[in-house]
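Listed below are the structures to be examined.
Across the two complexes that follow, chain A remains constant while its partner is chain B and subsequently chain C.
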Partner chain A sequence: MSKWIVLTLTVFCLKLAAQQPVSEIPVLVQYQQQWQGYFERPRIQTVLAQQVKLTNVHWPSARLYSLEPEALADLEQTRSQVLEQLRLLIIAAAKEPQLAMQLQETRQQIARWQLAKPVALELNPNLALVRQQHNPKLSKGQYLLVAGKRVSTVSVFGLGGERFFMHEQQRPAYAYVQQATELYSDTVWLFSAQKPAREIPVAAWNRTETAIATGTLLFVPLTDALVEQDFPELNQQIKTLLVHRVPS
Partner chain B sequence: MIKRNLLMMALLIAVSACSSTIESYKQTLKIALVPAADVEVSLADLRERTVPLLYLRPNDRGRAALALVAATEGVAQWISADNRIVELTHGRISKLQGFKPHLDFIQFSTPDPLSLPVAKIRAGLTSRSIQDWSSSKLNSYVIEHEVIAKSPTTLTFFEQQFAMVLVQEMVTFPDGSSFINQFWFDANSGQLVQSIQKPSHFSAQFELIEISKIAQQIQVITTAGPQA
Partner chain C sequence: MKQSSSLYLLGSALLCLAGSVMASDEFAPPAFSQMNHGGVGLIQTPTARFNSEGEFSINYQDSDEYRFWSVSLTLFPWMETTMRYSDIRTLLYSSDPGFSGDQTFKDKGIDVKFRLWQESAYLPQLAVGFRDFGGTGLFESEFITLSKRWQNLDMHLGLGFGYLGNSGNIANPFCKVSDAYCTRPGGLDGKGGQVSFGKFFKGPAALYGGVEYQTPWQPLRLKLEYDSNNYLKDKAGVLLQDSRLNVAAVYRASENLDLNLNYQRGNTVGFGVSYRTNFDNVEQIKIAPAPRVVPEQLPAASTKVESTMLYQQLRAEVGFVVINYQLQPNEVIIEGYSTAFRHRDEFLERLGRLLAAELPETVKRYRIRELSDDTVMVETVIDAEKFVSFARRDEIDATLAQSIQRQEPTPVNTDWQLTTENSGYYQQMDGYWIQSFGNPETFYLYQIGVVPAAGYVFNKNFSVNGALRIPLLTNFDDFTFTVDAIPSTLPRVRTYVREYVEADTVSVENIYLQAKTQLVQDWYGLAYAGLLESMYTGAGAEVLYRPVDSRLAVGIDVNYVAQRDFEDPFAVRDYRVATGHVTAYWNPEMFDDLLVKVSVGRYLAKDKGVTIDIAKRFDSGIVVGAYAAKTNVSAVEYGEGSFTKGFYLNFPFDLFSATPSTGTTSLPWVPITRDGGQPLSRPVKLYDLTEVRAPFLK
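And now, the complex of A and B:
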């Protein structure tokens, strides 16, 4: 009996779907290359339950991104500016081949990043189940859901591109920066899923022993000697791009 | 190719539009919840409930009853009346929500011994798990597991004695301390029905009893009548 009800409802819904142009579907969510549409604004718990069937999803590193064209256009403009500034730096470094190569690698990696606007929402199916504030309705729009396996590394991004190191319990941020030997800065920017970016001290005179989560990205800004005179906004613009970078 | 994608999208939209919401399910669930203090649910009550219950006792404190929210392929989520969630994977605590800190994730480098049929669990089996807790300093928390004993025993529920297989597992935590987890499997069905386990060196030890499974077992015995 119940099979017949499900079948009837499915046929009814297929008819509805056929009549509704895709552009008029209020909420579209992309997950692992597939799109799912919602006629009514869904609560996040519904989206997570329907999209993610895997049992070993690492929810602390999961994120939802908005794919709204206006936000993406602004980001692409910032990326163009960053790439152009790096191009000029590469030309200026023609007499220093190693520096030029490091800048080139940095530029190539930034050019490959997928960018989107992160939605400020902690994705946790269990919390969504019991607390309404963790289970809001999605606004109209197009979204990208990134939820997958646990990342067991910490990455350090700076001149020369991104380097990866195994995450170790209670290991502080400065230890990973030290491991990326050629990079130096008094402070780095820390990017962790579901949390705002923050600047933390890592030099010998100011560092703290604060441990960082697995999957964290640390951005070591390009040195003042390299960018301060001609491109004072470059590090801030790279930081903006890193906030919006979708993990690959 | 484009046609296939459009068809896939239409199907997904259809499924989405037809799905019932979690809210309506939670309304049903609320009926099954019982207060979280020294709970004792009668056999008759357990038989009447449509939502299975789990007894949970942290350390030596009062026993609470949790209701089943969802269960898929070895993973079961249980919720208490005060909205704490305990997720069990093959009977082992794999998530704790509403406890401080939260246990967010556990992953085994080789299969968890509890994922095996009880007949295949043997002393000497070793494994390693990695946990991420809500505090950053408790990310990549590594635990060594070793099954140290497996023996027949009995447990009594509702004045009836059940033949059990007790599996004892030593867990060694990153601070060097250790604990003996105990898992009782029903000798007839092979189902895990009771355990005492400690997820980390800093968390409580939990006693868990799948009381609805036991009630179901009694029902089976009663229905089958007295053995010759």
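And now, the complex of A and C:
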């Protein structure tokens, strides 16, 4: 609720200052629940300099998201489908309370995710100062800027929801998956701010020494036994949502 | 009894290693190690493992009886190829000291391995392979092998035939299907060099197996192998075998270097070294001018462009040599040669940035026309507004591709504001490097030198060109013979090679008149006459159809040539021949990194047939290719090798230099040169000349 009050107030101030309706403000950027409007399309360096006052920002994990309604509508539709499939799985697992509880937790967490479309852009205020390709002009629209301090965890998401583990240097991805004891898969999907999502092997027969960065999320797909027959697209849809999930 | 005790030892070792697996959970070889013969494997035996695509290893292995030099390349994730020279230390090259001195016996071999099934959670990886299948077959083997990994332990089991099946520790399973598989035919197919399909999976068979263990100390891996060979039929003689178990330690000295120490047959120590790299990833740091920054305010319409300065800037910053230039109020047309940046996007972005920063904002189109040998080959039209938007990142999702369009060059008003004469004298200097492996005089024969070339260009269609060959370093004076003593039923069209290269004096490589033109859209024509190559003189013509960015091109060439004299560059021998080919060039859409060339026609020895050449391009720009020519000459008539075949590596100069460059160099390897299936080495080829119309070597 407070978010909307801040939004309303900020936008109201912008309106007053410019004597211009919000719909005519070409670029709106939200950062830490505050909205900033720009009457001229700004370059990203301007946005970062004006809005990010934090020191020690961990820029490799910073992201800019588009909040354009068309993209969000597609994502919400996918989320609805995922939630519905999980609901049916929960019903089907009525005789397995443990499984049903894990599915319920997974479903509740997905329902709470904030979704947005990540903009393919490496955020780095220093690079933006010296290289044009790192300092694009924002297109018209609404954006969400996520830039915070370095987190010290790695998370594993799968049946039962998300688990967090302390990040350790040189620790391979499979070791975190092993730590999430009840989860197993030959491969998991790796999500990080720096690179596109990729599939990596983590089983005893195929694992590789994939060192991962702090803040990485590892998605352990729901087992084939659970989803393959009735919901073959479910894991792929969850993956799509994870690509668009805004870190909390 | 000996076998069963060995198997017991192997089993015990497996259990022992499996126990220690529980204590450790680190295993992920960045590349699987090489076996003694080259190629991924244990010590003597191959496994079903494959390194990642593009992985290339150069290996040397040494033991009492054998030395192996090999190179191995993973062409595709499912295909590994290995080429090897073997030195049999217990035998002389020949019994005639005057012919081969005290050189020991050498043999070359080619191996190939295919993955049939990829490992999964419960099923092992399955591969089938063929060792030494295209040579004299000293180590000729076929194998079917399985590999399964569990944590730090990689376990392998295989069934070998031929050299790998010599111990015959199991009945050949195919023998139960057909009696033809119960015995292995002896001798060579043809004159050697042919694939011995008739021997595959026949005769004695033997099981082999082993493990590779990644120790907790990352650089060290241990191998244990149960050997399927009994070494009673080796070319090196009967080798004493005290144990069927071989062991080895592989130490990864650096990211690219493996050292190994092994103990074979219970009585022989061996050692080896492997250097590896990946053709997909190899790159070189570049020192190049920074790309121009496109200013927020472009130069005003009234800005006067200093064309001479622009020439110099394009050359210095983009490596673009301008020949013709025409600036109009709303477009600029520039013709020239790209000499520096071989990646098209990098070249075009640098070029566009410079033009945007220097030309008035009223110029809306940059028409870049790339030349090859004075002929305009392709036109790239850059939409200036879109490009500037991309270069300045005025839109987050702007891309270079949105602003450029490649097309057939359209006619232009040739009222150039600045132009470079396309007639006159030219000169250039190239290097050359001839090498030959496995020769009787000495294993490695080489000649390194320079090829100064010069010519006169009359206009964009006509020129006269010539080149000399000047040897600087050579050991060709070690020759103990020139023409081989092998009787030949074919005209000696290539086997006089030693006569031509023997002298360490200056020779005339070529002198020829050349005429070329674009006949109509997409069609090019070429004619040439004179001393065309080091062995032939005559005249010929070629026509090529090659649309811009087409994956298919077709050409036809016809030539009438006479064999050149060995000494007098302007004299000819009695031999004359009409030769020519129809050639199709195809870059399949499904396999964008492959170029297939198929040539059908008449060769120098008047034999008729087909040459198939397949080239694969890796991400670094390195191209690996192989070709084979099969003509109406029988294997017996052809002689050693049975048919013409060869391999080549094309390297971008760029990989060896900190300075950007578009050039390439080729490293051929021809196992043996005979007279059948030999084409004329034409001094100019239209497909090479028109490369920029549909670049494959990008």
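The working rule: the second predicted complex is superposed on the first by the 229 of 248 C-alpha atoms of A that agree within 3 Å, B and C clash if a C-alpha of one lies under 4 Å from a C-alpha of the other, contacts with A are read in each partner's own complex, and residues count from 1 in each chain.
Operating definition for what follows: a residue touches a chain if its C-beta (ideal position, glycine included) is under 8 Å from a C-beta of that chain, and two chains touch if they have at least 3 such contacts.
On a predicted model such as this, the values are computed, not experimentally measured, just so you know.
When both complexes are overlaid on chain A, chain B and chain C end up sitting side by side without clashing. Taking chain A as the reference chain, the count of touched residues is higher for B when chain B and chain C are set side by side. When the two complexes are overlaid on their common chain A, residue A:127 makes contact with chain B while staying clear of chain C.
Looking at the shared chain after the overlay, A:208 reaches chain C, while chain B stays out of its contact range. By the touch criterion defined above, A:34 reaches chain B but does not reach chain C. After overlaying the two complexes on the shared chain, residue contacts for A:60 are found with chain B alone; chain C is out of touch.
In the superposed model, A:169 lies in contact with chain B only, and not with chain C. By the touch criterion defined above, A:138 reaches chain C but does not reach chain B. Once both complexes are placed on a shared chain A, the shortest Cα to Cα gap between chain B and chain C comes to 9 Å. With the contact threshold set out at the top, residues 43 of chain A are in contact with chain B in one structure and with chain C in the other. On the side of chain C, the complex with chain A involves touching residues 25-28, 119-121, 148-151, 293-294, 391-398. Those residues of chain B that touch chain A in the shared complex are 8-19, 21-23, 26, 69, 72-75, 77, 79, 83, 85, 87, 89, 95, 97-98, 104-105, 107, 130, 132, 134, 136-142, 174. On chain A, the positions that touch chain B within their shared complex are 9-10, 12-14, 16-18, 20, 22, 25, 34-40, 42-43, 45-46, 49-50, 55-56, 58-60, 124, 126-127, 129-131, 150, 152, 167-170, 192, 210-214. Those residues of chain A that touch chain C in the shared complex are 43, 119-121, 132-133, 135-139, 172, 174-175, 178, 186, 203-209.
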